[in-house]
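These notes are about the structure you will find just below.
Residue numbering begins at 1 within each chain, and the chains themselves are lettered A, B, C and D in the order written.
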Amino acid sequence: METLWTPLILVNLKTYIEGTGKKALELAEKAEKVSNETDACIGLAPQYTDIAQLAKTVSLPIFAQHIDPIKPGSFTGHVLPEAVKEAGAVGTLISHSERRLKLAEIDAAIRRAKELNLVSVICTNNASVSVSAATLKPDFIAIEPPELIGTGIPVSKAKPEIVTETVKLVKKVNSEVPILCGAGITRGDDVAAALKLGTKGVLVASGIVKAKNPYKMLLEFAYAITTA
Amino acid sequence: METLWTPLILVNLKTYIEGTGKKALELAEKAEKVSNETDACIGLAPQYTDIAQLAKTVSLPIFAQHIDPIKPGSFTGHVLPEAVKEAGAVGTLISHSERRLKLAEIDAAIRRAKELNLVSVICTNNASVSVSAATLKPDFIAIEPPELIGTGIPVSKAKPEIVTETVKLVKKVNSEVPILCGAGITRGDDVAAALKLGTKGVLVASGIVKAKNPYKMLLEFAYAITTA
Amino acid sequence: METLWTPLILVNLKTYIEGTGKKALELAEKAEKVSNETDACIGLAPQYTDIAQLAKTVSLPIFAQHIDPIKPGSFTGHVLPEAVKEAGAVGTLISHSERRLKLAEIDAAIRRAKELNLVSVICTNNASVSVSAATLKPDFIAIEPPELIGTGIPVSKAKPEIVTETVKLVKKVNSEVPILCGAGITRGDDVAAALKLGTKGVLVASGIVKAKNPYKMLLEFAYAITTA
Amino acid sequence: METLWTPLILVNLKTYIEGTGKKALELAEKAEKVSNETDACIGLAPQYTDIAQLAKTVSLPIFAQHIDPIKPGSFTGHVLPEAVKEAGAVGTLISHSERRLKLAEIDAAIRRAKELNLVSVICTNNASVSVSAATLKPDFIAIEPPELIGTGIPVSKAKPEIVTETVKLVKKVNSEVPILCGAGITRGDDVAAALKLGTKGVLVASGIVKAKNPYKMLLEFAYAITTA
């Protein structure tokens, strides 16, 4: 994954109203503009209902926020990997702290993602869980201490040792998987700090989606990540 | 709900490969043709990723297969009612047997649906659960004995007493909510039988979506429901 | 249930360290003393591991905090109704706000409780959910607005209308089921107020279990409930 | 764990009626007799409600079937590690295939077990999940292909390569953790075969608990394991 996709700014639109429907599309167009202006790789993880429209409209990698580890069948209300793929997603978050999966489900979801050439980003909450996830050979690990999510206190400042320990320990079991970090990232400085700690990018949500001026904020992130 | 929408054939596309993406769209176009030819009311419940495209392309009521009982916020991977609404859904299944909700969640999901003018179809597994659900004032109840789902053995024949008991007992606590029935429905006769038991339509999945000729099968259902 | 068991003080020991093991037993002995001195009916809902010891040692009704709606079989880690019964429980909480069940599971759990002559106490969070639960014919409904649990702000004062509305609406669908109320109850006055609102007792946890002097506090509750 | 506890026969009593209450105690007494006669190490994982009685009566290591990764607090209906410890358990299964946990919960449950000196046995379904679990440093891994559980077809014969691959791959990330295997084990031969594949014992349920003569069957297992 490293050559093509990193360093990566991955924007999780969650179920924010500022990231739903028409507003998701507007945000995606701003992100595409920033990406064109800076050559930064920006990925977007919108809601399921918005994947198709975003994938059709912008030339940025689109991620699902979750997939269920299922094959086609009788699973009303579930998220079929084939469906997000056909809608245009190129990857998916797996086991975000707001949508955690059982261990055997993470294993199965990564397999399903591989079968369909979907890039898998496993979200983790600490160093030991990151190591455990890394052995399952996902394409990315995104470490986010849950207690910092949405706080505006960047993990790269509040708990840099969690990030450096994760980078160090994950390397021992899987030297290829790039690490992203997230939680509390709201400024370009936080992004630069994350890269200095050994990560290959950031997973960000409210810092961009709920910013007063998402275009400007993404631009700041993009400069930070391309000049780091 | 009765005047406008009933009798109703509600087709649940589940996560069948035959009901995903382009194939969902083809099925929807066939359903629209049948609806135009027969005046039968046909609703479609596709996967989240297909709601927007179907809602844009066909003039049939589109339902989500599930909503989470949440307001906009930090709920990665969840299904925001506002998102399915903006994508073009006019209603939603709630608590299908393959995606059951806790009681307090069903209550909250119905409230959220009402706030957004989404038609709520609560799925139930027996008469007592139907009565319990009916007190929460959903727009529809769809009773499906889980042991018959996908069997091809129609509830209207195998367990007609479950349907008639449900119709009778629900009326005592909520005389307005129309009852659908489902599970094992694969022929026009089954649909007619369901209406004779006092229901206002059917919830069907594999019987249509996995039929050799879904158009022909839907036509059979539609004739049965409009001439019953 | 009314004659024998009401008015009822039902003490939920949760997983408080003050209500675990030897301390659960000490609390139970104090509760028995209060019950003997005042003739108040006091029930105790300890952790699963403490049911047998409490049931053997004190002459008070012991409740499980939860049962799974299962029959004997391959359900590692689950709570078999037969097991809590044989351990000495005479009843069980079902769907407490900290251990909520799906609607079909509540229905099944109440049936299993009836089969085994276990008294079922369904916990609910508002009036509409209480009505919905009441149609399933449990032995008790315990309404606890979750936002007040553990606050020390008694529902009987903060939101008396939730209690009175629950009592009124439940009566329409099930005139026999006694209502308990809970959340924030820490004084005898709160208990008396709860009865005045039409309930038949209280469900209480930290107000007793974490009290400085649980014996004294229970005595205050017991006087309030027997003189109300 | 290796010196003291292995080779280990760990009997999961599930929620079988043959392993509930008085019958759990009878089974435990038979197991103790076999252990005394053969010097085999036999552990028992009864239901929560039976832990205290078994721990008091027999001199065998008693395991919980599950713990919740919680600290003392407001968790009605949950399984507090402190409670199973005080009841007399010396260890616990974690994430059995019938009670799977999220990855972050497994990590937290192992930490809680370590804090309380409870032996942790993480159950897994394949080699990659075993490796992932092994990085979290549990005391045991028990691999059970779910498709064989309860079939009477022993994993050691039907899928020996799953066991050998697990033993080999786990060693690379954690050379200390002993592997148990389970699913379909019903004869002494199966136990011997399991040890030959590199495991340190077996996790067994119906093969013992539902045997016509559990004493005789356990004796057969015990001879097989002590002479292997």
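Keep in mind that, in the parts below, a contact is a pair of C-beta atoms (placed from the backbone, for glycine too) under 8 Å apart; a residue touches a chain by one contact, two chains touch by 3 or more.
This structure is a prediction, so every number in the text was calculated from the model and none was measured.
Of all chains, C has its CA centroid at the greatest distance from the CA centroid of chain A. Chain centres here are Cα averages; for chain A and chain B they lie 34 Å apart. Chain centres here are Cα means. That of chain B falls 44 Å from that of chain D. In chain B, the residues that touch at least two other chains are 97.
Under the stated contact rule, the graph of chain-to-chain touches is a ring, a single cycle where every chain has exactly two partners.
The complete set of chain-chain contacts reads A-B, A-D, B-C, C-D. Chain D makes touch with chain A in their complex at residues 95, 97, 100-107, 124-126, 128-129, 131-133, 135-136, 173.
Remark: chain D residues 12, 14-17, 20-22, 45, 47-53, 65-66, 70, 72-80, 82-84, 86-87, 93, 96-99, 149-150, 205-206 touch chain C in the complex.
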